[in-house]
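Below, subunit A partners subunit B and then partners subunit C, in two separate complexes.
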Partner chain A sequence: MSQSFTPIGQEMPGLDQWDVRHMSQSFTLDGAEVPFTPGQSILEAARNAGIYIPHLCWHPDFPAHGSCKLCVVKVNGRHVSSCATPAAAGIEVKSNSPEIREERKVLLQMLFVEGNHFCPSCEKSGGCELQAQAYDHEIMTPHYTLFYPDRPVDASHPDLLLDFNRCIFCELCVRASRDVDGKSVFALSERGIHKHLVVSSESGRLADTDIDPSDKAANICPVGVILHKRQGFTVPYGQRAYDETPISEQGLPNKETV
Partner chain B sequence: MPDSQTPNSQQSALREPTAEQRRHWRLVVEGVIAKHGARPEQLLQILIEIQEELSWLPLKVVTDVAERLSISRARVEGVVGFYSFLHTRPNGRFRVLFSNNIIDRMLGSQTMMDEMCRKLWLQPGKMSEDGLVSIGPTSCTGMGDQGPALLVNGMTITKLTHQRVNLISELIRKDTPLAQWPQDLFAVDDNIQRKDILLNSALKPGDALRAALANGPDALMEEMKKSKLRGRGGAGFTTAQKWDFCRQAPVDEALGRVVVCNADEGEPGTFKDRVLLTRYADLVFEGMTLAAYAIGAKKGFLYLRGEYRYLLAPLQEVLSARRAQGLLGASILSQTGFDFDIEIHMGAGAYVCGEETALLESLEGKRGTPRIRPPFPVTHGYLGRPTSVNNVETLASACLIATQGGDAFAKIGTAQSSGTKLLSISGDCAQPGIYEFPFGATIAEVLEACGATDVQAVQMGGASGVTLAPSEFSRKMAFEDVPTAGAFMIFDSGRDMFEVASNFVHFFAHESCGFCTPCRVGTSLLTGYLDKLSNGYGSKPDLAEIDTLNRVLKSTSHCGLGQAAANPILDGLKKFRPAYEKRMLHQDFEPAFNLDAALERARQITGRDDAGAHILEEQA
Partner chain C sequence: MTFQLETASNPKGLRRIAIEPVSRVEGHGKVTLLLDDAGDVQQVRLHIVEFRGFEKFIQGRPYWEVPVMVQRLCGICPVSHHLAASKAMDRIVGALPLSRSAEKLRRLMHYGQMLQSHALHFFHLSSPDLLFGFGSDVAKRNIVGVAQAYPEIAVQGVKLRKFGQEAIRVTSGKRVHGTGSIPGGINKHLTVDERDTLKKDADQMVTWSQGAVDLIHKLALDGGEEFREFGHFESKMMSLVRPEDGALDFYGGVLRGRNADGSILFDGVSDQKYHDLIREEVKSWSYMKFPYLISEGKEDGWYKVGPLARVQNCDFIPSPLAEAERKTFIAARGGGVWHSPLAYHWARMIEMLHSAEVIRDLLDDPDLMEGELTRHGVRASEGVGIIEAPRGTLIHHYQVGHDDLVTMCNLIVSTTHNNQPMNEAVRRVARRYLNGRTITEGLLNHIEVAIRCFDPCLSCATHALGKMPLIVELIDADGTLVDKMVKND
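So, the complex of A and B:
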């Protein structure tokens, strides 16, 4: 394609535009003043100030990934991923506007139709971030035609189950296994709509990898792909993670730490 | 010539290899890795070269490569899966890929592919049972001026006719090794139709470098600034500024800065870099060396798209000749401390790698996923080093500036777009080919030059560019009016602009890297709506849905591929709406499928085709 298309942040700015050390320390988010420290992303700064910007692939323990695009905001009239855009003094950020909420809704619906998400029969139901986001965004139907991809489950491992049907490609397991566990058990293969999670064994079976149930990778899936066997449906309805409080409240750091 | 005639390729992927095969596979893996060193950043090159020997990448070979490079097997599998030209299943001793761009299709590629499939008794996309051949479509191969074109085992054949299709089918049926095919089959024309300063250049190897070395790097940067040269890949960033950022970026002197020539010319309808790399390779390499001199780089890469595999050997020869002449290597032109060399890296069928950060990922042997920016490549590029990624044509133009000065260059063109632009002209015109025009030429002037009449539309800049209607033909080709990376596809009044847009959108869906949600899912949803329209089930609400998807793709996609994916339909709905509306038979809601057609599979399984196995329209 040559360079004829130009990614977000297309006009290469003067390098000093990103050098925020000498600038003052706040921006506005939906009208509210948000302080930040240099190097923080818009999402992080907002979060520390008690304002939640919806996200799925972003995780406090990892650098920004920027794939789910749920954290999209408008900065001075232009769309950017708030997890990957450095906060800068004086910018005007819009997040909770009807336009952005509608776009997030479409993105969530896209995630629902490309996989096979049957919440009532899913072990992760009530503790699933995708489902929680859908509730927050008042999604009543998937809207688009379901893709019904054919994704077999992998039950080979004695303690872990992989149900690829629910994958949202946040790559948290890929990153955790590579960067924290030092194992690289997971990776993505193929591309586009055929992209899928693979495990690091010639047989393609999780049992033939060196994953351990205590690995970070085995405990980070925001949806119901990587599950611990014999632990499904143990929490009664009403007491599950997102039954009482929405993800938009739970997704904020502890107030004392701010 | 990658001619894979080893006995291995006849074996099924699922059958356990014999001990002898395992030995052979290991030998090939060892040989290729010995050549590259066990460096993970060479992974893609290693996989490409192993596949050229074995014709496919068996699962055990993937394991071997991972072990030898000490990287995760999953990472290797992920890379193999990303690139269209790599495969973990046998795909035939002859792998035929027909260019599927709209221009090739207009020239009859679809009919010819069907014809070859009939002659060789197979279905598109499937390998023949004897392991002889597979036939399928592929994205634009950069031969729009001499299509329809195909690739056989990676080598290009153009100007397909029924006669040629017959001949090729016969050669395949007789299992004739590619090296023994008539060599004129593989001829590729330059088709240069109009020359200006760049294509008229009579510079000899070393001329531009000598001129630059005489005055020093600061003077070269000064001339570059005066020239106002802007990137020819489409985005139009000022080249001097990019070089300047790279030059000033902090660097680990032991590793040095990097110059990358982006020769991943994948934009459908573009083929001007093909001609520069064929006839003007010295200018391109010299431009890279000038960039290295200006920014202080030690290492250069030319990233060549897999579809131009046939250019690899000639380009290597040019590099060797330049080393022999002291124009590459240590102490270039006897200047102590000016050390620079160039390595060619192959792509393997991934359009998105033309995006500069995806290209850098690919150069590092990874999946071609565009990076988050900032940081930009000028500070953190190849392996984290300051890197200047420039288009083939941009680098070639730098040679003119080094010899004739920036002012002379800036005199040509318009105020904001200096110099000339190579156009790749294809489609409905008398003389398709390469045309060099000064910036500022109008669309009408270009159309007249190539002998196009009765023009309904011009697609400027390829699938990701803009569709221009006749009312816009007085507009100028320039960054300040209609910017272009060089593709110029012409459609006459007989063409269906819905088909054109649909071809482009299917292309984007096929080429989406799948990293971000909107592009991965949105392009597929768009193709679904277009197919629905195409099949006669479209209705008014579908246009509203397309509109919403277009908006979300544009505003939330991670890179330009997703942002541009909607362009063909947006332009189409605005300028060629009747082509869409004539397909919209229904004003209100209409389901996307036909009940009776949905039963077809059940009928096949049960072997029934009687009246009771059908649902008629009135019953439905």
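So, the complex of A and C:
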């Protein structure tokens, strides 16, 4: 669960006095000492210490999912998902290294070519986590050949639109609908390259589910798949989530916007 | 419909010359000429070779995305598409009328665009021809040459454009491809700082625009008969005018058409009824359609749009300096109607002056900084949005389903209306200047000068200034390359 911390001290601005007293164990992250409490993941411990590790499928309200792999770090020579790897005393973690940054960049580029991400006319632009990560990783082109998958939109619901073109399979909507809303409106179907988001109704249409616009699932999509109808582009430039500060700053505990 | 010089009676055995691409215009087009053994022109066509397909792929998208998506048609006057689509979508969401603030902010955005687009066209794209001569040294005949010979004019061109772009930025969020206008209104007010930044330079822009009108006025007088006769053809014309008094209005109004002699052909036609007025014809050799007035038929129903049509179609211009210049312009034709392609430049600068005056006056209006931004009313399933874009009347027409997705889209962009007029001008010029002569780069530039008068945006997308090579190929009847000339590569 997300917590609020009062920054103190120079090296670990995200920690307060309580943390310092109760964290006797630590590991190093890019050379810096990071304290942790047993059971915390590397990603969580780093966040609490004010160090951002990029992620897309991880969310403070849900258990680690480990599917997007964007939070990859190098631990004692092995590449692991930092959201799903417990912090351990004395380990050496590399996150902001050229090698790891390049690996994340490739993962992001593959996400871009796998779907149809047309940022110039996407209403999520400026508030999209995928786009924000791409900016942070200085991605100028998709680099790989675009797949151009055929993914028709579902506009059947009176208040919500599903634009599957932009799905990155983070399953946040699937988890939110099942674990918080108790409705299981969404699911992933098939595997590998054929994997896609489906709606759990007999017709397959969102209108035939009991989803409500106020549900957690309707408000958690990090990209532009689950959208509230007739709201697009009402927020002007300069006031969108990532216009002023990058996701690497906003993704820290006391700035979480998700 | 087939026009003189559009199709040679016996194309076999004719020499073919292609001007590709046409330079110093927006987008990519080419001109082909077929010449007989005597060097006389038998066929001239302006081809638009880019295919955009927006009408198709906008189908199935949510209606609120359309104003942002369609502006990607063009990087030069995207605001036109942004606003024409928004106006159509205002009808879908039942926002009639818009709030005062929304309409004024949109007007500021649009008149900013008229100013920047007209400045770009006159100073950067056309002034080299007008200041140095159509057949002058090609190495000098560009904006760099203008900057060296007439530094003040070049700087004014750049700054006028920048001012217009700033008006767009503060209303839409970005200088190019912003998101300000949304169905039912606009998404932000102007801040006091933004208003003051524009206001500081507004008077200077009016002064410089007046200077530009004076310059083209002088060039027109100096040009004498050549200015009046170059590519001259007569046609009908069409534009929007303000419904209540026939004033010039770029943002909206009713459709009015005039015959070539200046008499009224139709008036007061609602923008929602454009399809009762206009139909489009397709020809196999161009991706650009040929619109015509249904009542006049395919042969006679073509017409011109843009500055020359607007300035003569309206009853008056609702700002004092531009209105005075309009009267001077009309008087210079001795009571007749201007049809000279080069007169487009003059009319365009009068419009730029008007835009500068409108922006200056709008900036004093408190509605820009406060008040209701959006409205919604009874939902409709169909909407037309028409706006006077820099290059002429721009029509956007959509149908939207109950699920909010677009089911039909029809766009008639400004340059499309001018398709036949441009072809006509090019043919007149080709016959007058090329017949029986050795073809040189200077002579071929005459053809481009005629096209540039209309400020065509051939793709509504690309913008390459001074970097596009002009390639002229001479091909014999068997398709063998006889000669090739390349400049500026």
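We take it that the second predicted complex is superposed on the first by the 230 of 258 C-alpha atoms of A that agree within 3 Å, B and C clash if a C-alpha of one lies under 4 Å from a C-alpha of the other, contacts with A are read in each partner's own complex, and residues count from 1 in each chain.
We take it that a residue touches a chain if its C-beta (ideal position, glycine included) is under 8 Å from a C-beta of that chain, and two chains touch if they have at least 3 such contacts.
Quick caveat: nothing in here was measured; it's all calculated off a predicted structure.
Visitor: Please work out whether A:Ala88 is in contact with subunit B alone, subunit C alone, both, or neither, and reply first, second, both or neither.
Guide: neither
Visitor: With both complexes overlaid on chain A, does A:Cys128 touch subunit B (first), subunit C (second), both or neither?
Guide: It touches nothing on subunit B or subunit C.
Visitor: Could you look at A:Ile53 and tell me whether it touches subunit B, subunit C, both or neither (first, second, both, neither)?
Guide: neither
Visitor: For A:Ala64, using the defined touch cut-off, is the partner it touches subunit B, subunit C, both, or neither? Pick first, second, both or neither.
Guide: Only subunit B; A:Ala64 stays clear of subunit C.
Visitor: With both complexes overlaid on chain A, does A:Cys167 touch subunit B (first), subunit C (second), both or neither?
Guide: After superposition on chain A, A:Cys167 lies in contact with neither partner.
Visitor: Any idea which subunit A residues touch subunit C in the complex?
Guide: Going by the criterion above, the answer is residues 120-123, 152-153, 155-156, 161, 229-238.
Visitor: Quick check on the complex: what are the subunit C residues that touch subunit A?
Guide: Touch residues, subunit C against subunit A: 60-62, 64-65, 67-69, 72, 93, 172-174, 177-180, 182-183, 187-188, 374, 403-405.
Visitor: Can you name the residues of subunit B that touch subunit A in the complex?
Guide: 59-60, 62-63, 71-75, 77-78, 80-82, 231-235, 237, 241-242, 245, 248-249, 262, 264-267, 270, 273, 350-352, 354-357, 367, 370, 372-376, 378-379, 389, 391, 461-462, 464-465, 484-486, 509-518, 520-525, 528, 548-549, 551-552, 555-561, 563-564, 592
Visitor: Which residues of subunit A touch subunit B once you look at their complex with the stated criterion?
Guide: Residues in contact with subunit B: 1-12, 15, 18, 64, 66-70, 72, 79, 81, 84, 86, 103, 106-107, 110-111, 113-114, 144-145, 147, 168-169, 178, 183-195, 198-202.
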